[in-house]
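Shown below is the structure under consideration.
Naming follows writing order (A, B, C, D, E and F), and every chain is counted from residue 1.
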Amino acid sequence: MDTNLLSNLMTPPILFFFFGVFVRLIGSNLEIPKALTKFFSLFMLMAIGIEGGTAMADSGLGQEAVVVLISAVVMSMLVPLYSYPILRIRLKNLYDAAAIASCYGSVSAVTFIAASSFLTKMGVDYGGYMIVSLVLMESPAIVMAVLLATTVRSKEAHNEGAQSEGRPPLLPMKKILHEAFTDGTHLMLIGSLVIGAMTGMEGKKVMEPFTGGIFKGMLAFFLLDMGLSVATRLREMKDVGVFLVGFGVVMPVINSGIALGIAHMLGFGMGDAFLFMILVASASYIAVPAVVRYAIPEANPSLYFTMALAITFPFNIIVGIPLYFKMVSAVWGG
Amino acid sequence: MDTNLLSNLMTPPILFFFFGVFVRLIGSNLEIPKALTKFFSLFMLMAIGIEGGTAMADSGLGQEAVVVLISAVVMSMLVPLYSYPILRIRLKNLYDAAAIASCYGSVSAVTFIAASSFLTKMGVDYGGYMIVSLVLMESPAIVMAVLLATTVRSKEAHNEGAQSEGRPPLLPMKKILHEAFTDGTHLMLIGSLVIGAMTGMEGKKVMEPFTGGIFKGMLAFFLLDMGLSVATRLREMKDVGVFLVGFGVVMPVINSGIALGIAHMLGFGMGDAFLFMILVASASYIAVPAVVRYAIPEANPSLYFTMALAITFPFNIIVGIPLYFKMVSAVWGG
Amino acid sequence: MDTNLLSNLMTPPILFFFFGVFVRLIGSNLEIPKALTKFFSLFMLMAIGIEGGTAMADSGLGQEAVVVLISAVVMSMLVPLYSYPILRIRLKNLYDAAAIASCYGSVSAVTFIAASSFLTKMGVDYGGYMIVSLVLMESPAIVMAVLLATTVRSKEAHNEGAQSEGRPPLLPMKKILHEAFTDGTHLMLIGSLVIGAMTGMEGKKVMEPFTGGIFKGMLAFFLLDMGLSVATRLREMKDVGVFLVGFGVVMPVINSGIALGIAHMLGFGMGDAFLFMILVASASYIAVPAVVRYAIPEANPSLYFTMALAITFPFNIIVGIPLYFKMVSAVWGG
Amino acid sequence: MGTDGIKMKKVEIVIESVMIEEVISIIDQAGVSGYTILPSVTGRGHRGKRMGVGFTDVLNNTMIFTLTDETTALKISNRVKKLIQNYAGVVII
Amino acid sequence: MGTDGIKMKKVEIVIESVMIEEVISIIDQAGVSGYTILPSVTGRGHRGKRMGVGFTDVLNNTMIFTLTDETTALKISNRVKKLIQNYAGVVII
Amino acid sequence: MGTDGIKMKKVEIVIESVMIEEVISIIDQAGVSGYTILPSVTGRGHRGKRMGVGFTDVLNNTMIFTLTDETTALKISNRVKKLIQNYAGVVII
């Protein structure tokens, strides 16, 4: 089965990711125009949104789905809550701890895509509501981060006393929440989900050659660009020390383990359990960093963005997907 | 039939248009990179051009086609001619009146696309020469506008007498006509039509997965961006008063009515009649505003561009298409 | 057969090339956004890379293939070597001679694509290793050019004696070689070839709708942009005199003749022979000029780039493909 | 320097893209008649390289400049300088 | 300021994109040795927001600057200022 | 002009895109704290029109500017001026 695992993982899109990393590490000038990378990311959100919406329209939201969705939201709040104290052990800048915790509470859509296409190749089913989980897990993590940061700030203000006057102005909470809930990539996914649900199978069929047929090719290009970006960040990684690299690799495994326990306890199907693990184990490098940069300016984006993109993302793609699948297979007896 | 009408209208591309409007109105930062919007518009012109060219190659230009084409050209000159005095009733700046009249004499390719795919879903045929009409209706309207503006200018010069010396310089007519006939989007449509006609069904088959298969997906992205642009213009709409909003909504209905009368009188087929109404009722927000900006600098682009894009386009898509279809059905006894 | 030749050549993509030339010559403002042209070029390299890699995986590298590949590499070094003295006859700036020689030693991927799709339409087979030839022919030509330039430089330094101090600094050879072998477009082709070879038919199938289905449409857009660029260069062509225009037209024919001789001598299959002629006859306007600009700053890019793009490319597409096919047919008795 | 004969100053600001809306509202509040935006620039500064990745604006910069009188220029500059204590950016008058 | 030791002026022009060709020919006619174009900028001015839509240039701006001697700079500036009575734009010397 | 009260100079460089890495390393070696890049500009100069084609950088320009003290500004300017004897470009201080 292991060679099967590997061959199901080593598809052209994933190989283009490795190619991108390699190409940048040897110092090539290969570049994907930014306008296209932006488009590819929106395209992918559209495609999975429609996929998920159609599946929802087809099967509705049963009790099983509701349990999964609630678990997803809860985990996206719990992960930051228990990650924060872990991060505080070593990080002096508590804002960094809050920001990183937030990214790990949220999810990576590309990891989800890779995992779900791997699952399909392994012949395992999953519910369309898993995509809804993906959507629901974005914002709570951001809200948690903002709350954590606010706590830090008021503590600091208390310690510093009257000196706090000289500090740079912060953005009002209303603006921050607005930003968190209207982030473009976030809405793109929700909108596509709703449109998929409204138009059902017929809508899906109309969009199929675009969102289905050419999907893997677009994904290949996007992953190539991600490979380039990952390598660029790896080269600049001096900020990220051993502790954080360790966190970026160990935390996903812990998170996936906790997710596995919950999934088993609540009686998820095997496919749903696997994707739930992936969601909980992955970290956001698109939507969340953009909002966190806005909301917690005191935190260094080189840290949280680099960790989510350049450490945890490749780890999940290469090691995580087969590992979590073995874990889930062992428990569900696959 | 009404729910049928609605479901044939509410396809994913159109829903993405509404989504775009919504997203911008709530202040999201969602953006489609401009390079891609530009590309989508060229792509769509290529696709319908090839479609039309192939149809032409297939069936040739019969007498019926010639009658339709002449009617189209005539209407693209008549609409500005009778719109101008209507606009003068309230507009002080006569250049604005000329510019707006010009946009309404010309056509909207996207409205045409939406209407023709709606027609196909309703199971009604139409001639490939309707796309030729689309092409032919662009330039005459511009020429009319330039003539109107020239009249206004000479009248003003007469009134002002010697003072006219201080006025900013205008571009020579030769440059303006060159611009009108070599506008990139205009030529893209013509070129694709000719290439479609030259290569016929075989050429179409070669291009099919690109111009056919993925068309609806590309359209969805383009309409999403149009939704964003429409909402942006709506937010900036202070320039456009009640009179002009009224014009943008009522005029298409009047124009479509006149088109209906002509189509009936000349014995058009039902599908041709419907698309003829759409062409006459729609207003240009791509090719014409670009040339008019160049040719009639005294007119305010916020007016004519906003009216064509943010008022008449959505009106035609939402209300116009089903309304004109009902009108045409009533007369042709569909 | 001649009308068959013509109709197999005059496909929509090629016609869009002519359309692009025409449109720019009449002064239209039609533009393809640069980000997309860049993407189209990478897309095409990905598509042919995967195609070639899959074919390789399927059939392996037999003795025949090895002979072809060695011939290709040898020719990419020979062409600059014998082109350089020819160019010296009239060119005073020997760096220009070296740079031009280099471009003609290398290859044009788009010419190759047009030729191979023409070949397929003519019903003639060819080996997947021809794409490997395409890859292998890029770098040797650059290395030859750098060697030629270095010779010129040391001769000049000798002539000038002590004066050479004031000359602008050159980039170190190590940097130049790095640039030559890590050029982005070059690596994109190699990477896709390797990924195609690794994933074989299964990988190809996954990517098919993207790299296969919509290929012709993307090619049409790319060729449209190339047509625009060719016409722009033609308008600026004052630098390129009669001698160089002659070189750009005659040299491909000579090169293809030599390639024909070698192919016949070594017993290539007809399809392989034809594509070998195309590779030898074509000149690079993407990868090589970029590296040569870096490596031989003393040469004028308006010369070598314009010649490869605006003279030899259209010549090969319009005259070369049918001509070389007739030549190969005459010898192979097609 | 100036469009109307009055002595005008050009204030140039490079700011991380996520904050461009804030800078615009600072300029708007200062009552300036206009500004020009250069949407996508990259760079290096105290906060390291900001060479952008395509799928997020977190490491992109945006440039904006405005022509205005000296007093307003200073007012804008001061407010933006406060902002860039927290966010990547640079102000040039 | 300058490349050749001569006192040079930098003339910066923001103009609506449809008119960039006209501005280039003004610069060409003034006999200037070169110019640089920043193809896609957005902005706000007396004529409202020009924040571009992708499918048309009607609401886009383009920026161009040229280095030249003072006399030529003034000449260009004056001609462009006439142009921007009718078209959106701003000139900075 | 300046961010920190010290008298600062702005050095602006337009260079053909293939050489931007070289210019960056000149700036880096001069020990400057930062720079900003305008990735894609076009133009005309002594070497003719550089109006870019999409599929190659050979005819594209890139602009970069850096704020620094006067001495460093001159140092950078001199080194870049040597570079543009061979490559298309212009330096403005």
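Heads up, the rule we're going with is that contacts are C-beta pairs under 8 Å (C-beta built on N, C-alpha and C of every residue); 3 or more make two chains touch, one makes a residue touch a chain.
What you are looking at is a predicted structure, and each value in this text was computed from that prediction instead of being measured.
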item: Chains touching both subunit E and subunit F; value: D
item: Chain separated most widely from subunit F, comparing mean CA positions; value: B
item: Centroid spacing, where centroids are CA-atom means, of subunit D and subunit E in whole angstrom; value: 20
item: Chain centre separation in whole Å, for subunit D relative to subunit C (CA means); value: 45
item: Distance between the centres, which are taken as Cα means, of subunit E and subunit C, whole angstrom; value: 38
item: Multi-chain contact residues (two or more partners), subunit B; value: 32-36, 38, 209, 213-214
item: Touching two or more other chains - residue numbers and ranges from subunit D; value: 38, 40
item: Touching chain combinations (by label order); value: A-B, A-C, A-D, B-C, B-E, C-F, D-E, D-F, E-F
item: In the complex, subunit C residues that touch subunit F; value: 32-38, 40-41, 168-171, 222, 225-226, 229, 232, 236, 239, 285-286, 289-290, 293-294, 297-298, 300-302, 305, 309
item: Complex contacts: residues of subunit B adjacent to subunit C; value: 33-36, 38-39, 42-43, 46, 50, 178-179, 182-185, 187-188, 191, 194-196, 198-199, 203, 206-207, 209-211, 213-214
item: Subunit F-facing residues of subunit E, complex; value: 1-3, 8, 10, 33-39, 67
item: Residues on subunit A engaged by subunit C in the complex (per definition of touch); value: 10-12, 15-16, 19, 22-23, 26-36, 209, 213-214, 216-218, 220-221
item: Subunit D to subunit F touching residues, read off their complex; value: 14, 38, 40-46, 61, 63, 81, 90-93
